[in-house]
Amino acid sequence: MKKGLAHYKVGDVFDAYLMVKASSKSMASNGKPFLNLTLQDQTGDIEAKLWDCSPEDEQVYTPQTLLKVTGEVNSYRGKLQLKIKQIRPTSELDGVRISDFIETAPLSQETMVEEITKYIFEMQNPAIQRLTRHLLKKYQEPFFTYPAAVKNHHEFVSGLAYHVVSMLHLAKSIARLYPTLNTDLLYAGIILHDLGKVIELSGPVAANYTLEGKLLGHISIMVNEIGIAAKELGIEGEEVTILSHLVLSHHSKPEWGSPKAPMVREAEVLHMIDNFDAKIIMMDRVLSKTEPGEFTEKVFALENRSLYKPSFEKEWIKK
Amino acid sequence: MKKGLAHYKVGDVFDAYLMVKASSKSMASNGKPFLNLTLQDQTGDIEAKLWDCSPEDEQVYTPQTLLKVTGEVNSYRGKLQLKIKQIRPTSELDGVRISDFIETAPLSQETMVEEITKYIFEMQNPAIQRLTRHLLKKYQEPFFTYPAAVKNHHEFVSGLAYHVVSMLHLAKSIARLYPTLNTDLLYAGIILHDLGKVIELSGPVAANYTLEGKLLGHISIMVNEIGIAAKELGIEGEEVTILSHLVLSHHSKPEWGSPKAPMVREAEVLHMIDNFDAKIIMMDRVLSKTEPGEFTEKVFALENRSLYKPSFEKEWIKK
Amino acid sequence: MKKGLAHYKVGDVFDAYLMVKASSKSMASNGKPFLNLTLQDQTGDIEAKLWDCSPEDEQVYTPQTLLKVTGEVNSYRGKLQLKIKQIRPTSELDGVRISDFIETAPLSQETMVEEITKYIFEMQNPAIQRLTRHLLKKYQEPFFTYPAAVKNHHEFVSGLAYHVVSMLHLAKSIARLYPTLNTDLLYAGIILHDLGKVIELSGPVAANYTLEGKLLGHISIMVNEIGIAAKELGIEGEEVTILSHLVLSHHSKPEWGSPKAPMVREAEVLHMIDNFDAKIIMMDRVLSKTEPGEFTEKVFALENRSLYKPSFEKEWIKK
Amino acid sequence: MKKGLAHYKVGDVFDAYLMVKASSKSMASNGKPFLNLTLQDQTGDIEAKLWDCSPEDEQVYTPQTLLKVTGEVNSYRGKLQLKIKQIRPTSELDGVRISDFIETAPLSQETMVEEITKYIFEMQNPAIQRLTRHLLKKYQEPFFTYPAAVKNHHEFVSGLAYHVVSMLHLAKSIARLYPTLNTDLLYAGIILHDLGKVIELSGPVAANYTLEGKLLGHISIMVNEIGIAAKELGIEGEEVTILSHLVLSHHSKPEWGSPKAPMVREAEVLHMIDNFDAKIIMMDRVLSKTEPGEFTEKVFALENRSLYKPSFEKEWIKK
Amino acid sequence: MKKGLAHYKVGDVFDAYLMVKASSKSMASNGKPFLNLTLQDQTGDIEAKLWDCSPEDEQVYTPQTLLKVTGEVNSYRGKLQLKIKQIRPTSELDGVRISDFIETAPLSQETMVEEITKYIFEMQNPAIQRLTRHLLKKYQEPFFTYPAAVKNHHEFVSGLAYHVVSMLHLAKSIARLYPTLNTDLLYAGIILHDLGKVIELSGPVAANYTLEGKLLGHISIMVNEIGIAAKELGIEGEEVTILSHLVLSHHSKPEWGSPKAPMVREAEVLHMIDNFDAKIIMMDRVLSKTEPGEFTEKVFALENRSLYKPSFEKEWIKK
Amino acid sequence: MKKGLAHYKVGDVFDAYLMVKASSKSMASNGKPFLNLTLQDQTGDIEAKLWDCSPEDEQVYTPQTLLKVTGEVNSYRGKLQLKIKQIRPTSELDGVRISDFIETAPLSQETMVEEITKYIFEMQNPAIQRLTRHLLKKYQEPFFTYPAAVKNHHEFVSGLAYHVVSMLHLAKSIARLYPTLNTDLLYAGIILHDLGKVIELSGPVAANYTLEGKLLGHISIMVNEIGIAAKELGIEGEEVTILSHLVLSHHSKPEWGSPKAPMVREAEVLHMIDNFDAKIIMMDRVLSKTEPGEFTEKVFALENRSLYKPSFEKEWIKK
């Protein structure tokens, strides 16, 4: 038996447990309804169609339902598709749990809490440190479970915190090479930059945009949170303005969501580190599914580019 | 004697009082210093050069100094320039006051307070009414004295409040023709949309951008203020989000400063009314200085267009 | 029984008369032909598929055919679709007429003729008045029946005249607040700005673009008509040029179809009023089909935005 | 003595006749007025400054005044400038005429009339031929004297007709290689495409834009003229529409002034030939003033490019 | 019997030989596989679907397989589609050859070799002549068989050489009218400008992009080849740089693939001639399939325009 | 005495040695010539005007001439300007050398040679290692003395090598955090990416663009060099293509000079590291001249932004 969806290819026979990630009803050209299912395990996901579905099927095959599926892997418009032979919801007898099917950050929450705490302790400016600690504490629970995005990069449980930890490590390495950087500001900016996502998004799994997310966006939400926190802590002065600016400008350009371009050195660096970590993660993800000597599928968030994996690359193990 | 700077033409002899609006030192090509002065009265302003200035002159000719000037009006690169013959600071004996030289909104502050209060009383949604009243009260003083912008439109004392009053009247007329509009939202959005300028700008006269203005901008500042006000008043619910959205989106496009496009009908209407009033004001201003059958100077904020005043236009009286 | 298509929701049973708006043949993936029908009544339209259609069906189900239909309302890719159970063309016995199924402007033609005539009488410049009256008379019949556009806004019988009447009312309100506006020019520009559409489009119902429409466009067509009218009436002078300019520039930017940007104040105002009325109408249309607390479908002509209807909005009655 | 302005370099002594092309008054930094003169002969033009000018000088040194000048050629900001030593208006005794100082097309008007007549005779479609002949006759005089543009290319006496003759020859060569082209349409389009410039511009020498030129532009003006001509000649049918389309679309893109892109093959070819002839002329003009192995000055109408003349180019004689 | 695919219309019965141009497998909405076939003869191609295909069918219906097909021509989404009744691969008995089904340039390879050789002999600059001859010789075989592009224009056997021959003729005509052009440079630029396509593309028929094609592109490939050739021939000096520049800049703008804009006159002319020939060919191709009085299908490479064929056009014979 | 130009402010008296960086002649508005000088020492540069200059002065004050200057620091249009009191060229007696006035990389050439050699030794792929070593050796001398750019960043002696060393250190740090990166490719790409500048630019000091630089650019030049090197070393295979692609794509977008976007992970990372190092250097440079609590001058290469130095920043020592 294969280890997970990511390892199946066209023609493989499939017989294993999967979780419903998304489900929508369509009408076939013969007038009969069917379900478009997206099924997942911890290694990836795949499309499948359930033909001639009944009204009951619609009730059953909803997100986070666990299934036993047998079928065959086909290709449809250049993407894999699972041709279902047999399918049934699991019962207690199957002994499977939702948490076995959800992709999670490669670090445990405890480790990430610890790491981030260390960076906060390193901060020397009391205003910056207090604001950061206060806001992280206020939203600690969702911060350590939410994804960093709905799609594109870090769209897994705890993806937000994992992205922040990676960026902090990168910032530390860079600050060693460019010692003029103010690490207090930079670390605080990294920890807070995407924290507004815990209000913008609906939850840690299968996240959608909330009303505030759609009408205001995580950047304005977070600038607002910093203002309220400063009020509550009685902190005044430039640190509040500068930290708000780091959050406000971290997408760098108006058309990418930042009404102000970075005007403080650490704001520019925050933007570059954010971009760097997200791009590396996206590239690694598609390349890990690609053989040496081949091109990846097109990646929307990389301006729709298709990447080439040199044939002289040694195969690396998927993390 | 002419009634004010706006009525002078090339060749006219000038002999009257003026106020220094701006002053900067340059070096002539013969190596001697001179002052570039911008001089104003209530009807407009004009450039002038003070040749061979002494260090004392630099100290004397600073903004808001009142002067007695005689000279002649010339043209330089298509703009009027005052060739100074005699110039001196005024003394008490001249009997002139700064307020005589500053352009002010055509309505008194009392009238504007009254007008705006009426619109607030018309609001029926208590959350919207309380938020608007609270914020207007908090910043009442600067709101009724600040300009609406550093340049381009309504850049005079009380320009901000005057712009808001005009927009409210326009909104009321429109809502009569399109009765589905929610006037509570629309009036509140109009009153609050530019209120952040009292923090973004430095003061009612000769305004500059503050640090918060430069790093955050009046839109983010105001969204923030709404959040803090809602917290203080204990108001929760969609009204806060929608009102924040109206402020956030009132520039309509990311490249014009709004990270979110209008997604509520009244937000779109607010943007159109804001644009409408500002454009009319800018057009009237340049056209009032132009003869029928001629083109105006280029107007930067109207995409650098030069407007034509038809020769069959009856001359209108400058307000 | 429901009052019209606009009031049906997913799951509703349908049993009423409808008119064919559009029809095209496709081939199902089983190789059999079927018809894609768009069916309408005065309140809106809906898609439906007629499976396994015969060659005779193709002949029968053509635009403006009246039908008796029973079926059920489903959802397909986020849009409503009528699943046909029974369908037949109507006979005289059914007692229904085409005019019962065509959306028409909410004002009668007589009322609109009267309103527009009043505005023409208000004009004081004889050249402007004569040109306007001449051109309106020349194209009176199509002007009062054509739609204002093929899609997006005012795409109903007499939509063009209705759009003009609304704009005239708006112009009058605005001119009261901004008295420097030249209402002769503005009213004439409003009446003539889209008159070229009676040549650009093929007819009042199910309009398409004519050859002149495609190769020249309604703006150039109308500028041309003004030139010919001036010749015929023996009118010379700036009024002809300025009025042509108002028509030429009313889309404001080259990429929107105007080779010259507005360079006369009333040209700019004409553009803003045109834009304002069209946007309000489009927004009201989608919002009238949306429940408070929900987002509308995406609106192409509003830069593909989806609008939100606040949950604190009182339901309003569709006009 | 040198043969003309085009042959002078920095350091050369100058002693010859010149004509005033343009004149404007400025104020030196010592407060004294001076005149900025542009002086020309048939080979080119040069800037010069007349220091400490009197009010009489202003009256004398106006466009098309002939002068006797001695001085020295200097360089100022990368452009040549004539340092005036002596300067005086000419009298009859000097025996010079304005026509000796104005650049004119390299073909005589008679030759061009003849050439264009031949192309009109070749047309076989009577509607196209009659329209072309009628319009050319109506504007014959200005057509054969006006420049093709105010600046950039063919900005000399008879430049418009010369540009048309060159394009006709090019069209004929191309039609021989691509025989599917309809030469009736193509020749007519070439002859008429810029004819609107006789209304857009003020005259054959030192041309400016007229009011119609600024508010409507030569493209709309000409489309209008075709409509009126068709009316007068009683010509109806597709030829009128297609010919109007050729004129309307000859700038190819909205942002270049054409509200419709070319949708007829000959319209596309007309655009390409127009572009081709204009670019070659502009390139030859700057290259003729440049030594092999050097770059030309930047050419605004060639997207501000600077062209390189290969050092292996044989020097060619300026036409 | 009709003469070729280009002459069939909706409703025609089809019974003739065709070649498979492309084939891909899809899954019908009933879950059964089918093949999307593109079938061609020398006059054009058509889509067809082979329902319920077996795994053997997939092996058989691959590019360049010859078939005997009977069926009927239908229309699907505005494009013709062949409804297959009977289909079988051919055997030797059918007496058909692949070369009968492949579109080829209208000139023989021998003729094209001769023509191009003549142009090379006309070159007088020895460096330019040697470089051109060397590179043409090195890639002679693919140069005379490859297409000029994968799609859009000249996408047939020997299309590359045919495009070059047409451009050379055009260049010669133009140089007669504009004698300052350096024909050595221009001819060499034309011959070499697309030669990199023999490395960028995979072969003369059904061409794809190679790895070098995707990662470097034909422009960089060719600049590289010129550098290597110069090294091998021991040629130094400006000719190498200028010729490289002509190739590098022939797409004119960065966003079209040229990192440098044309900065030499012949580079600009090369770009315009390339563009001219490609556009004429694309327009003739779609217009040859269109009746007078109709619009063509949209042409992607002409900015998605649809062209109109005037109804007064005489039908021309498809070359 | 101050330590260098970077430490002078408005009003300071100046008395020290400087080197001429650039010199150009202008004409004052009184008709007399003067020289615009840019003077530099190792810490920065400043503008100065030499009034009433003689022809001899023009000969004397040329780039790299050393001067003794006394004067006063003024401000002109927001930039510092040195008002010259006394000025003379130095003689041997002054005991100053050009090398004392030229800014140089903060690392010695020996150190940089050593560092880069270590990175080359770490490479394991022999093709990549040999190509890199060969090209570095071929251009070793200019590589270790040229600047990285004519302006904006690293525009000092050995700036190119210093930029490469910094990027290599950054790459090493990053590869430790993201272990899937292929460091062979990445290091080779870093070392070669800008090597073409040794042909694009004229020399290590006061660099200009060569003809090849202008017509081809350093990217195409270097791709060419890799092709020739591979030929000479007899290296074939994907390594050559991939390495060429890294150089070709390192500006990331066509409009920034890369005809192909990065399509290999290390190409994307190379672009980000290049961008990162250049931006940090530019920001540090302007911030080092700015007091806490102030904005820097606008930086063209940072999209003309002005950066703010927080007032809570501790002053850092300029490196």
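Letters A, B, C, D, E and F mark the chains in the order given here, with residues in each chain numbered from 1 onward.
Here is the rule we use: a contact is a pair of C-beta atoms (placed from the backbone, for glycine too) under 8 Å apart; a residue touches a chain by one contact, two chains touch by 3 or more.
Composition by chain, UniProt nomenclature: A, B, C, D, E, F = 3'-5' exoribonuclease YhaM.
Only a predicted model underlies this, so the values are computations on that prediction, with no experimental measurement involved.
Enquirer: Compare the two sides of the chain A (3'-5' exoribonuclease YhaM) and chain F (3'-5' exoribonuclease YhaM) interface and say whether they are made mostly of the same residue numbers, over half shared, or of different ones.
Expert: Same: most residue numbers at the chain A (3'-5' exoribonuclease YhaM)-chain F (3'-5' exoribonuclease YhaM) interface appear in both copies.
Enquirer: Please work out the Cα centroid separation of chain D (3'-5' exoribonuclease YhaM) and chain E (3'-5' exoribonuclease YhaM), and write it as a whole number of Å.
Expert: The separation of the two C-alpha centroids amounts to 39 Å.
Enquirer: Counting only Cα atoms for the centres, state how far chain D (3'-5' exoribonuclease YhaM) is from chain F (3'-5' exoribonuclease YhaM) in Å.
Expert: About 44 Å, centre to centre.
Enquirer: Need the CA-centroid distance for the pair chain C (3'-5' exoribonuclease YhaM) / chain F (3'-5' exoribonuclease YhaM), whole Å please.
Expert: 61
Enquirer: For chain B (3'-5' exoribonuclease YhaM), give me the residues that contact two or more of the other chains.
Expert: 29-30, 211, 214-215, 238, 242, 263-264, 295, 308
Enquirer: Going by the touch rule stated at the top, which chains touch which?
Expert: Contacting pairs: A-B, A-C, A-E, A-F, B-C, B-D, B-F, C-D, C-E, D-E, D-F, E-F.
Enquirer: Looking at the complex, which residues from chain F (3'-5' exoribonuclease YhaM) come into contact with chain E (3'-5' exoribonuclease YhaM)?
Expert: Counting only chain F (3'-5' exoribonuclease YhaM), the residues touching chain E (3'-5' exoribonuclease YhaM) are 211-212, 214-217, 219-220, 223-224, 227-228, 231, 238, 241-242, 244-245, 248, 254-260, 263-264.
Enquirer: In the complex, go through chain A (3'-5' exoribonuclease YhaM) and note every residue touching chain E (3'-5' exoribonuclease YhaM).
Expert: Touching chain E (3'-5' exoribonuclease YhaM) from chain A (3'-5' exoribonuclease YhaM) are residues 28-30, 34, 49, 51, 74-77, 81, 83, 295, 308.
Enquirer: Touching residues of chain A (3'-5' exoribonuclease YhaM) toward chain F (3'-5' exoribonuclease YhaM) in the complex: what are they?
Expert: Answer in residue numbers: 125, 166, 169-170, 173-174, 176-178, 180, 182, 185, 237-239, 242, 261-265, 268-269, 272, 275-276, 279-280, 283-284, 287, 295, 302-303, 305-313, 316.
Enquirer: Which positions of chain D (3'-5' exoribonuclease YhaM) touch chain B (3'-5' exoribonuclease YhaM) when the two form their complex?
Expert: Listed in rising order, the residues are 25-27, 29-31, 211, 214-215.
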